[in-house]
Amino acid sequence: MSALLEVEGLVKRYRVARGRFVQAVSDVSFSIEAGEVLALVGESGCGKSTIGRCLVQLERRDAGTIRFDGMRIDTLSPRAFRPLRRRIQMVFQDPYGSLNPRLRVEQIIAEPLVHLGWAGDQRAVRARVFELLDLVHLPRTAAERRPHEFSGGQRQRIGIARALAARPDLLVCDEAVSALDVSVKAQIVNLLADLRAELGLAMLFISHDLAIVEQLADRVAVMYLGKLVEIGDTGQILRNPRHPYTRGLIAAVPRIDGVPPQDALLAGEPPDPAAPPAGCRFHGRCPRALPLCTAEEPLLVPAGAGRKAACHYLEPAQQGPRIALSELS
Amino acid sequence: MLGYAIRRIAAAVPVAFCVALLVFALLYLAPGDPAAVMAGDAASPADIEKLRIALGLDRPFLERFLHWLAGLAHGDLGTSVFTGLPVSMLIGQRVLATAMLMLTAMLISGAIGIPAGTLAACRPGGIADRAVLIGGVLGFSVPVFLIGYLLAYLFAYRLGWFAVQGFTSPFVDFVGFLRTIILPAATLAFAYAALIARITRATMLEILAQDHIRTARAKGLDEAYIVIVHGLSNAATPILTIMGMGAAVLLGGAVVTETVFGIPGLGRLTVDAVLRRDYPVIQGVTLFLAFLFVAINLLIDLLCAAIDPRVRQ
Amino acid sequence: MPLLDIQDLHVAFGGLPAIEGLSFALEAGETLALVGESGSGKSVASLAMLGLLPASARVTGAVRLDGIDLLTLPPRERQLRRGRDIAMVFQEPMTSLNPVLSIGRQLIEGLPAADRETRQAARARATDLLAAVGITAPARRLDEYPHQLSGGMRQRVAIAMALAGRPRMIIADEPTTALDVTVQAQIVALLRDLQEATGVALLLISHDLALVRQMARRVVVLYAGRKLEEAPADRLFAHPRHPYSAGLIAAIPRFGAGRGARLAEIPGTAPGLNERGPGCVFAPRCPQAAAICASPPPATGVACHFAGGAA
Amino acid sequence: MSRRGAVPLALGLAILLAMAFLAVAAPLLGGDRDPGLILPAERALGPSFARPFGTDLLGRDLFTRVLYGARVSLLVGLGVALAATAAGTIIGMIAGYVRGLDGVIMRLIDGLMSIPPVLLAVTLMAVMRGSLWNVIAAITLAELPRVARLARASVQTVRGQIFVQAAIVSGAPTTTILLRHILPNIAASLFVQASFIGASAIMLEAVLSFIGAGIPPTIPSWGNIMAEGRSLWQVKPHILAFPALFLCVTVLGVNLVGDALRDRFDPRGA
Amino acid sequence: MTVLPDMRRRAVIRGAAAMLGTAVLPSCAPRRDARLLRFSPQADLASLDPIWTTAGVTRTHGFLVYDTLFGLDADFRPQPQMIEGFECGADGRRWTLRLREGLRFHDGAPVRARDCVASLARWSQRDAMGQALFAAADEVTAQGERDIVFRLREPFALLPDALAKVGVNVPFIMPERHALTSPFVQVAEVVGSGPYRFLPDERIVGARAAYARFGGYVPREGGKAAWTSGPKRARFERVEWTVIPDPATASIALRNGEIDWLETPSLDLLPLIAQDRALALPEIDPTGAIAVLRPNHLWPPFDNPAIRRALLRVVRQEPFLAAAGFGPEARRAGVGIFPPGTPLATDAGLDLWDGPPDYARARAEIRAAGYAGEPVVVLGTTDPPILRALAEVGADLLRRCGFAVDYQVMDWNALIQRRARRAHPSEGGWNVFFTHWTGLDLLNPAGHLSLHGNGEAAWFGWPTAPRLEALRQDWMRESDADAQRRIAQAIQLQALIDVPYVPLGQFHMPTACRAELTGLLHGLPLFWNVERAGHA
């Protein structure tokens, strides 16, 4: 059986000035199985959000193919794509900006129902709205209120309810929890995990927070400057990163246990995406960079156990966990 | 910077073309027959028809537009129906008066509006703030000609300090220039100063609330220094931009002010031409003033780019 | 005598309390963290210390620096202490630098008069400062503008600016929040190194417990404008005594916890400025809440009726 | 609601209501005085009990004329505000939403905007026959570009907001997005702008009449009455003063309301 | 644009001089010196060619820079001006005019007879009286340098009157090279032989004109200056014209001494000027002006003489003049075809206005004459206040007469275009408009344009009145003054039957100047003989 979502050679460019383009996404391929959670991680500007936006056609891809349930969707016109929107929904990062301040919560949540061919009268819509409010643990009285009466976490629940309204198969979560406070973040992460289990949702979970990714995702794809550098099973990648960038990323994660990271910190910052370096895009910051890296771009090649990585000098595969589990003593 | 300037100038070209097209189209639709006016009272219909053909008034729109554009390229704005003189000459004679009037008005308004707006922003709710708010509303609520009459009554009629009409070139007689320019410039400056004060206040309020001002304060810098160096340096771009857009207020106000104060400028030329239905002159002056407006804004954009390094990108 | 001693600080906006009765002290050379979620008043507290709050804010209590109460100082003298005695690094490196002035100009204007005697001296000092915060080609950077720098570089410049006045303490308000993980780690390392090298005291203000854990020796936990707990970092993370501290620490996603590990969550949301009663502000979300929580919690030590007195 | 702005708002609304009342009730208040009745023998009389505002150069009763003038001025203000806002909003929304048309429309709008409003209106009046509707049309066209630009800018700001993207993802068609998500969110600033345009239209009408390129002088607009009184303000100031007073107060009222609303919708706007 | 460098050079010189002056005495008071006269004309000097245009200002300009063969004296009699004398052959068909010696144009060239012949020929194509004169002439030639010879087919006793004409168009003499220009094209340059030289570089169309005394001008010897006759002695070195569009501003400028002479102060501001001792209101034009209601004779209802007569009967001139702002001392009602105070004026037939107007009767008559209620397009004007008042009162009157008035307002220049249209009133034509003539234009039936009844060739309104035309021709052939007056009387009576137009009364527009100006001449603003008292 083919995957729910298959992305092949996706390219997205933005024009920054007359004749100057930034390749935000450069030849990225991955797939998501039904019910699977794939996390897309990387630093800001690496193109991970752009991929999510291409999937829901908020952006038009410049090259490559996107197949959903075996059907090519990247070539569909906005009109032709609309029936598919029911099946691919999105949760946005900013809980404040993503809800129209002038609409009542009921109207917000019902919007996909109204537009995406939900057959039913007003009563049925209302019943479904209540059902969704229950699902995201909001009181039914919320339906009558307006977004400004809610806190950030509650708004994010409203956003999730809206995304779930039309019973999608794939949910694109674009930094869905990164704007939230710690105590609230935990609530939403747990909610997403529950919903996923309950509804059998597949998710593209876009995040820069490795700790949350670790808890939520089946597989992880690491991006750097528009390129996929490593993809594979979450546990394997986070415990045993084979790409030097993934290693650096992991090393930079602040530890609550106070244990200093084993790896050296990455130096520098990602270069300007409008003028990416030749060869391996990471070579400028790579602790292991060699002459070859400046000349030749590494391909994404199998790196054992369903994993792929794009590096000329992959980190050696290791036995056992490299990273100690945190302890709550 | 040079690259920016070139890009900015290139961007002004289509706008200028649109202005030309609009101005031409507007007056193409004008009723009445310029040939009839030019021929005078005693002309026969045959004379008028001959003149029509001589003026090319019988040809189709596009042909006339292209012909007119070609003339523009050579600085030929046509010929006044009423006086028989080249429009470019009529404009040339009057540019100085209008330019000086606007420049003086800009200086006066800037000298009043920017400090007033800044003071108002420094102490929201304070006296300066109230004054700017009230002055701002009043400045937009009194018609220019009333202000003109009021100033003329007080300073020319009662006190006799200034001349009530005319224009003297500053290059000929500077004292005379001041005598003639101050009242009309002050009249024009009224609404413009209100505009500048308001935009300065609003911009400064916004900028003084920005993070980098907080950074500057945390550095222990003097408040006046912060307001002037950190505040105004950032406010300059929006204020200048609004001043440029607001030049429309000045140009429009000049139409009235020059009539009230008998200044031989472009505004009065427009009024005279409109009242005479002297369409080539209306066309030429409107186009010229619109180009002037585009040019002012172009200059201001370049100035902004010089002040604000981000704009140059 | 502590370097900085804050006693019973209250800040209110339009009659609504943003900070209520905050007291803590910072020793010379120490790193103290003020931890709290959004709306806890931690940034308000730092701005109140420097006198940078808008005029509409009502500030009472005492902020003593070397025994001198900054709040009672005339504005002019307080201004002179900013940057010299207490410097500050802000959260948003994108906006906390003036976009139209060059880096050099912004650095130099903050130098003490002695460092600015000549143009060359000032530039040399500014170059040194940039070098000290790990900026490459510092002399060239002086003539550049903030928008030409990356986020991490800008934050380094901001730190250099904080150091320019040779302060005795730096308040770092969420210094890494707006940065990418890899850069965050660099800035954390930089701050730690600088503190070691210069012995400057650091008041770290953050919502990021992991960051606090890495940097601070002591931690003050703020919630809804009130101090709930103050403790040495090691103790706090090991044995949080206030239910909120405990909940907060538990809610942090732990890297390495493995897939599917469920996060501990604190139900509900923090109260708004107008929802704070005299009782324990955390009570509505507290799993241990009881009737007694409607009365004010102990004023000293851990602010919880069930925490058992002083720390 | 903030206390600041409440007083000006109330004052502004009171002024506008009063003016609207005067305009509507003009025939009643004027009694049997006919605003068009020419009495050369009673030319340019000063205010008196029988003729509270005096008479104009043709001996017509100024009080009645000023009251009837309120109709014209308010009609011009309201008409232009509505027409310019409606047309400008439609143009702005098309430009702001249909990428392909944006360039062309905005160049034309920029071109139109480069001609100062007074000049554009005067030029249009030179082309058209002087009538009330033509004056409204000319001022509308002169004010149009400002609304169109504001509408476009607002549309672009709002359409960039995430809730609009969320609506797209929710499958909302373009019309729904424009009418339900974008229009209500730009309505406030358009409304504020409309009030300023109304004020500026009333002013522009006066200026056009002053120049002699406005509404036919037989129609008693404030601008016309002032234009008539301008030649002798030194000796018969009442002809200029009464309509001027009404004009300034009305424009002040509109501006006060506009300012107050703006402060409410966007406290930092200018 | 090309004038710039030159202007700049002069500007620098003058600037330097001014700086020196102001450095010594930084006075803010405007200069008032004996050598400079500042004048504000009633309208802008739009055209410089007094033959091409009928504009009054251009005529005033013409008298500054050009000279005429004959001048007019205070009794409206022609007097030799450029000529030293003339001879008329016994049969009245050969006239020889001999130019004075020493006449020069401003470019230094002598004035020759051929210049005069060409100038008169050009003038004759634009002027009714000139037309009549040249129609009567077999030949007009230059004989030698100084003699202008008219060989006439029939006697034309009014030849000196025609050449002394002060009503537009005035037969000014210009160099032959200019006079050869088509009369329908403006001459390119102003070169005259009058007392002042035009300074083209200083002209700003619509705002300024300047003149310098022409040193080469030789005034006539002997006699007294009066109207356009007698010695033209220029006392001021310079005359500057400034157009001040706003009447209120203009009066302040006069009061402040920014200008010395305001041609037409606003009527309502006269009391203010009268009470200022530094200012004077000299009466310079005894003929005044005549207001006129002009019906269109091509279309109903005013193609019907009965309706015109009914209208004529209810018109009262008083309200028109009062509404225009003329006080009792400045207006005169009950005025016929020729301006009171001029030789041809008469009361004949004017008793039809005795008693109050009977509108009911007028309405009945108009109905009876066949008026069917079709709209009557009345052209109104916004700008010159006098014309505006005439139109508004007139429209009111027409309404009272039961006409369905369609009052269309435009500014004066639009009206000038509109009135030239012969189309049906519903297709852009018109039925009635209002204007006024200066008395100088109406002195006699020859120049009196609104009296012409030659149909399509007549002045706007195009009346056809053969009897009136015949009487006009009679008058022009008549040389005896008494006989002329009798014909004039007959003309008036006939005009009251044909009603080519409705006279609306005579009014006097005063001029205002600084009190120290003395020697202002009558007739129109003339710039010789005037001087500033106390400076001479």
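Read from first to last, the chains carry the letters A, B, C, D and E; within each, the first residue is number 1.
Note that contacts are C-beta pairs under 8 Å (C-beta built on N, C-alpha and C of every residue); 3 or more make two chains touch, one makes a residue touch a chain.
Remember, predicted model here, so these are calculated numbers, not experimental data.
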{"item": "Chains contacting each of chain B and chain C, listed by label", "value": "none"}
{"item": "Joint neighbours of chain E and chain B, given as chain labels", "value": "D"}
{"item": "Identity of the most central chain, Cα criterion", "value": "B"}
{"item": "Of all other chains, the one whose Cα centre sits farthest from chain A", "value": "E"}
{"item": "Distance between the centres, which are taken as Cα means, of chain D and chain C, whole angstrom", "value": "52"}
{"item": "Chain centre separation (chain A, chain E; CA means) in Å", "value": "89"}
{"item": "Centre-of-Cα separation between chain E and chain D, whole angstrom", "value": "44"}
{"item": "Residues within chain B bordering two or more other chains", "value": "149, 157, 259, 271, 275, 277"}
{"item": "Junction residues of chain C - those touching two or more other chains", "value": "none"}
{"item": "Residues of chain E engaged with two or more neighbouring chains", "value": "246, 248, 252, 383, 411"}
{"item": "Every chain pair meeting the contact rule", "value": "A-C, A-D, B-C, B-D, B-E, D-E"}
{"item": "Residues of chain E that touch chain D when the two form their complex", "value": "246-248, 251-252, 266, 268-269, 271-272, 318-320, 322-323, 325, 380, 382-383, 385, 388-389, 392-393, 396, 407-411"}
{"item": "Sites on chain B touched by chain E in the complex", "value": "32-33, 36-37, 39-43, 47, 75, 80, 82-85, 88-90, 92-94, 149, 152, 156-157, 160-161, 163-166, 169, 171-176, 179, 259-262, 264, 268-269, 271-272, 275-277"}
{"item": "Complex contacts: residues of chain E adjacent to chain B", "value": "1, 3-4, 8, 11-12, 14-15, 18-19, 22, 26, 28, 30, 44, 46-47, 52-54, 126, 184, 186, 204-208, 242-246, 248-250, 252-253, 255-256, 258, 383, 411-414, 416-418, 420, 459-460"}
{"item": "Contact set on chain A toward chain D in their complex", "value": "56-58, 82, 85-86, 89-90, 92-94, 97-103, 111-112, 115-116, 159, 162-163, 165-166"}
{"item": "Residues of chain A touching chain C in the complex", "value": "43-44, 151-154, 181-187, 189-190, 193, 208-212, 214-218, 234-235, 238, 248-258, 261, 265-267, 269-270, 323-326, 328-329"}
